[in-house]
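This report refers to the structure that appears directly beneath it.
By letter and in written order, the chains are A, B, C and D; residue numbering begins at 1 in each of them.
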Amino acid sequence: MNKPIATTRSASGIPTGRLAVWWVIASEIVIFGGLLGSYVMHRIGHPEFGDYAANTNTWIGAFNTLVLLTSSLSAVLAHQAAERGDGKRAAKLLRLTMLGGLTFACVKAAEWTMEIGHGFVLSTNAFWSFYYTAAGLHALHVIAGVVIMGIVAADAAKGRELQRVELIGLYWHFVDVVWIFLFPLLYIAK
Amino acid sequence: MIERLVPQASSFAGDIDGLIWLITLLVGFWFLVAEGVLFWLVFRFRAKKGEKAQYITGEKKEEMKWISRPHNLVLLCDIVIIAMAIKVWVHVKQTMPTADAKVNIISQQWAWTFEHAGPDGKLGTEDDLRTTDELHVEVGKTYHFNLVSRDVLHSFSVPVFRLKQDAVPGRVITGWFQPTKTGTFDIQCAEMCGVGHGLMGARIIIESPAAHAAWVAERSGERLARTGEAKP
Amino acid sequence: MSSTEASQHDHEAEPAAPDGGHGGAGHGDAHYVRIWALLVALLVVSVVGPMLGHVLVTLLTAFGIALVKAYLVARHFMHLGIERRWVGWMLLAMVAFVGLFFAGTAPDVMKHEGYNWRNEAAEREVKRALEAAHGAGSSSQRGAAH
Amino acid sequence: MSDAHAHHDEGWVKKYLWSTDHKIIGMQYLFTGMLMALLGGYFAYAFRMQLGFPNQPVPGFGLVSPNEYNALVTNHGTIMIFWVAMPVLIAAFGNFLIPLMIGCDDMVFPRLNRLSYQIFLVSALVLLASFFVPGGGFGGAWTAYPPLSSQAKFSLTPAGSTLWLLAVALEFVAFLIGGINFVTTVMNSRAPGMKWHDIPVVIWMIVIASIVFMASVGPLVAGAVMLLMDQQFGTGFYDPIRGGDPILWQHLFWFFGHPEVYVVLLPAMGIVIEVIAVFSRKKVFAYKMVLYTAFATGILSFFVWAHHQFVAGIDPRMANVFTVTTLLISVPIAEMLFVTIATLYGGSIRLDTPMLWAVAFVAEFLLGGVTGIYLGSSGSDIYFHDTYFVLAHFHYTFVPIAIIAVFAGITYWYPKMFGRMLDERLGKLHFWLTVIAFNFIFIPLFITGAAGDHRRIYDYTKFPDLARPELQNLRALATVATVVMLSAQVIFLYNFFKSMRSGKRAEANPWQANTLEWLAPSPPPHGNFAELPTVHRGPYEYSVPGRDLDYWPQSDPPEDDAAPDAAPEAAR
């Protein structure tokens, strides 16, 4: 399909793709914000959540934070490589980022399996409902990011659509930032 | 205005109707002026042969005043309405005058249960009177009510009182009213509560002190007779 | 912002153009590694802080540091520092809307009583859960009260 | 569509169903919206008949049972807002107009645009499916307050409520995608020379509406996920017995629900202002003021949501805050209407059908606006809350928005959309029948509401105070008027489809308007313009002194010697 001329214009001074990703992030902020805002209200109103939160494993959460922070680094390095026109390196770094995302998802799966084994399921109480819903919504974003990144990396390896490396990177950093807030909210506040 | 459609039967019904009157006067004026200007302009400036429209940007100061003056006047009207609305609201919903009596109102799909004080005049004792879909109150007394719900949202609405309050499961919501007129009137459920929402009406019976005392005596007699039979 | 002819540049088609992205801000890869190292250090602090067991320290290390981390990621990795200024403000406005929602909702949901209302169900649940956790004392299984 | 462009080799499916052309996608939204409007109108017919003539079989429906009644009112509201007002006002007009009016060949993300429509279509199908599952369609009102909506044991529609929720959530996704596309397109793809203040008002309004939608819907998306989990996965987010809170949903819902009113109002205002400028041959009075009031309305709309919850069990002190913000929002809205009315001053007004609709919008919306004051001020809302007064009020806003302004838009842009003119005589007949019948529906309902009729009641005979014959007569009058208003739409449909085949051929600029879409042929081919235009002036340079023509298209190059002493703003 031919790109319309519209797509190539940039009256705002920001390339179209990046502009759209900023708006995607803006709309995601309010989605996560609504959920986390609701959680925080309950967290403050219900001191017993602290006792429930004691059952989460800080070390697993911290490890996953480290994984995501590191994958953000590889994403930004991939962007740097793409800026230099080095599609091969960008693809390699993107695949490293995907590996980070997959590690995150696998650790998450193992962690949940453990918790469910201990009897903490979605419907146990409001804390666990929020825990699984918020982390689950975030995990869905991680998985979606990994899938899209796979497509972008495949293109980048052939030197095509290199501007998308930055776009998926922006999204990935946003997912990282969400986790940066989820980590203390779900794991540390005990 | 409203009182011609629904009688006023509570001490604050007049306040609310007065507020509605005030709003009607203020917004009615704006409504008529705006409609009048609109239709006059459409008539006055209808297309005529050989007459060209004027070129008015509306950005010059003397043109802007046609917008900014009404703007300020609307703001002024708003402030008057805000002040009166809050005054009425605080009186009806926020402050609680001392109670002469109390009732409990329990809503559920799709019926109202009312708990009145028995002959001892106190709520929460052995001799409380429970009724379904029938609330008995005494004219002139200030009542506090506790409103609860057993399942979904309901809303305790008494049009003659101009009173409405949603019942939320898990919460106890308190409020007050003072009946001022005897008679029998509708109680509605004014919040969607399921299949039977359309049937969830009740009646409020506002009685003179003597009639109310007679009702209490009669009901507690019945109650005693019933419990007497049940526990021989 | 203006739609000057000069900015009608084809960024999409020429992604690697020097002004197409933010790579030209004078940072090498080392800069990003330094930011990453800083983020990891902050992560360690945020994990260690709560171990001191002081409420204020916990809040500060957990949420204060989350803010710092988010700022670092947004500024350096997402390049908000050199993006057009309004983008940052737009994202902050979205956060402000969330704050507004919180402010309007918390008086009803976070608190369990107010003028002329009590959330008895919530009060009961808090009491029950706290008694189940601390009254029974079995700290390993607390939370799994249901 | 015109035969002139049938020479493309693409098949019918590829051209009309799988197209990425913004105009086709706009038409897809328009036709889907029109179909859904027919369904929503049919629902209104069924429940209005039950109210006007209780417990008699409704011709074409049968006897209305209480749970059918609830499902009918719930889905009438849901459909008219989410599947009619939103797709037609924002998606159909947005898609059709944005690229044409800002002078480019398509939206910036054509395939995303197609995806947005497809998700929307799926959402409509999911909603339709929800009527046919065991238990029937969801009947817990369009606000879906839990616990009624979250627990099947209360709602008795285990599958219907979940499908309803899924449909609404999918619709949100479709409009988020579409909104991002709109905003990005307008920000980036304007014709060379088109500065912020050269953008037509309707485009501004669609963009502001899209942004307001984007910023307000987030919490409700989260809330919908939570409600879905409550319905299907046993969580207790809104279950008070398990530490949840039903009030939380109300806040999540209305934090979106109130801005949503302005999301649909602003594009409607934009259409009306566009039409009024063209048919009074006038520059829009204080164009910048229109934009400022739109921004102010958009921002203030986030601060007013809890006026829907005054008596819902929120803390009474909060009601005072929201009364103040609610009444303040009347200021920018009133100002926007004043500006619209002021534009008429000094005009040369032609009352063609689009203009009739536009003037009717202002006239009718005024009543909707002023009755909102009764509901925004907490003291009087204690009485009016959840009565037919509320219902009549918001129909006096939503009908002008979603029906009257939409007809103004359709009749105005029809020549551009289909290359032919609509029949004026049929158009005027349709206009008068619709508008007069509309007033006969809702003026009586103001009165029954003031007399205490509460909402969503399928049979008032159970309430002795409300079963009075004089109130019942008003209900019957409203029902008869509903039937008349709905029947009048047959005239429109006939005119719409007949003119498509045999209407008078439209030239490129039949209304002699300035904006860029009239530069393209009618209907515009794929790619819109033979040569992409450059913009030289603002969109409303009508009746500029010193020019022979009373309009001056945005794309016409400046005539330096032709109009030496034209107003400086005009000749920029």
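Assume contacts are C-beta pairs under 8 Å (C-beta built on N, C-alpha and C of every residue); 3 or more make two chains touch, one makes a residue touch a chain.
Keep in mind it's a predicted model, so treat the numbers as computed, not measured.
Asks: Highest contact-pair count belongs to which two chains?
Replies: The chain pair with the largest number of C-beta contacts is B-D.
Asks: Can you work out the whole-Å distance between the CA centroids of chain A and chain C?
Replies: Chain centroid spacing, chain A to chain C, equals 13 Å.
Asks: Centroid of chain A to centroid of chain D, CA atoms only: how many Å?
Replies: Averaging C-alpha atoms per chain gives centres 35 Å apart.
Asks: Just how far, in Å, is the C-alpha centre of chain D from the one of chain B?
Replies: The separation of the two C-alpha centroids amounts to 31 Å.
Asks: On a C-alpha centroid basis, what's the spacing between chain A and chain B, in Å?
Replies: Those two chain centres are 49 Å apart.
Asks: Multi-chain contacts in chain B: which residues touch at least two other chains?
Replies: Expected reply: 93-94, 169-171, 173.
Asks: Which residues belonging to chain C are in contact with no fewer than two other chains?
Replies: Answer for chain C, listing residues that touch two or more other chains: 1, 3, 8, 94, 97-98, 101, 105, 109, 111, 115-117, 119, 121-122, 125-126, 129.
Asks: For chain A, what residues touch not just one other chain but two or more?
Replies: Residues 7, 9-12, 14, 16, 26-27, 29-30, 33-34, 37-38, 41-42, 46, 125 of chain A touch two or more partner chains.
Asks: Would you please name all pairs of chains that touch?
Replies: Pairwise, the chains that meet the contact rule are A-C, A-D, B-C, B-D, C-D.
Asks: List the residues on chain B that touch chain D in their complex, please.
Replies: For chain B paired with chain D, touching residues are 1-2, 5-6, 15-16, 19-20, 23, 26-28, 30-31, 34-35, 37-39, 41-42, 45-48, 51-59, 63-64, 66-67, 70-71, 74-75, 78, 81-82, 84-90, 92-94, 109, 151-153, 155, 157, 159-160, 162-171, 173, 185-186, 188-199, 201, 203.
Asks: Once bound in the complex, which stretches of chain D touch chain C?
Replies: Chain D residues touching chain C: 190, 192-196, 215-216, 218-219, 240-243, 245, 247-248, 251-252, 255, 302-303, 305-306, 313-318, 322.
Asks: Please name which positions on chain A make contact with chain C in the complex.
Replies: Of all residues in chain A, those touching chain C are 3, 7-17, 22, 25-27, 29-30, 33-34, 37-38, 40-42, 44-48, 51-52, 54-55, 58, 62, 65-66, 69-70, 72-73, 75-77, 79-80, 82-85, 118-120, 124-125, 127, 161-164, 166, 169-170, 173-174, 176-177, 180-181, 183-184, 188-190.
Asks: Taking the complex as given, what residues does chain C use to touch chain D?
Replies: Per the touch definition, chain C meets chain D at residues 1-3, 5, 8, 93-94, 97-98, 100-101, 104-105, 107-109, 111, 114-117, 119, 121-122, 125-126, 129.
Asks: Any idea which chain C residues touch chain A in the complex?
Replies: 1, 3, 7-13, 15-16, 20-24, 27, 29, 32-33, 35-36, 39-40, 43, 46-47, 50, 58, 61-63, 65-66, 69-70, 73-74, 76-78, 83-84, 87, 90-91, 94-95, 97-98, 101-102, 105-106, 109-112, 122, 125-126, 129-130, 133-134, 139, 142-146
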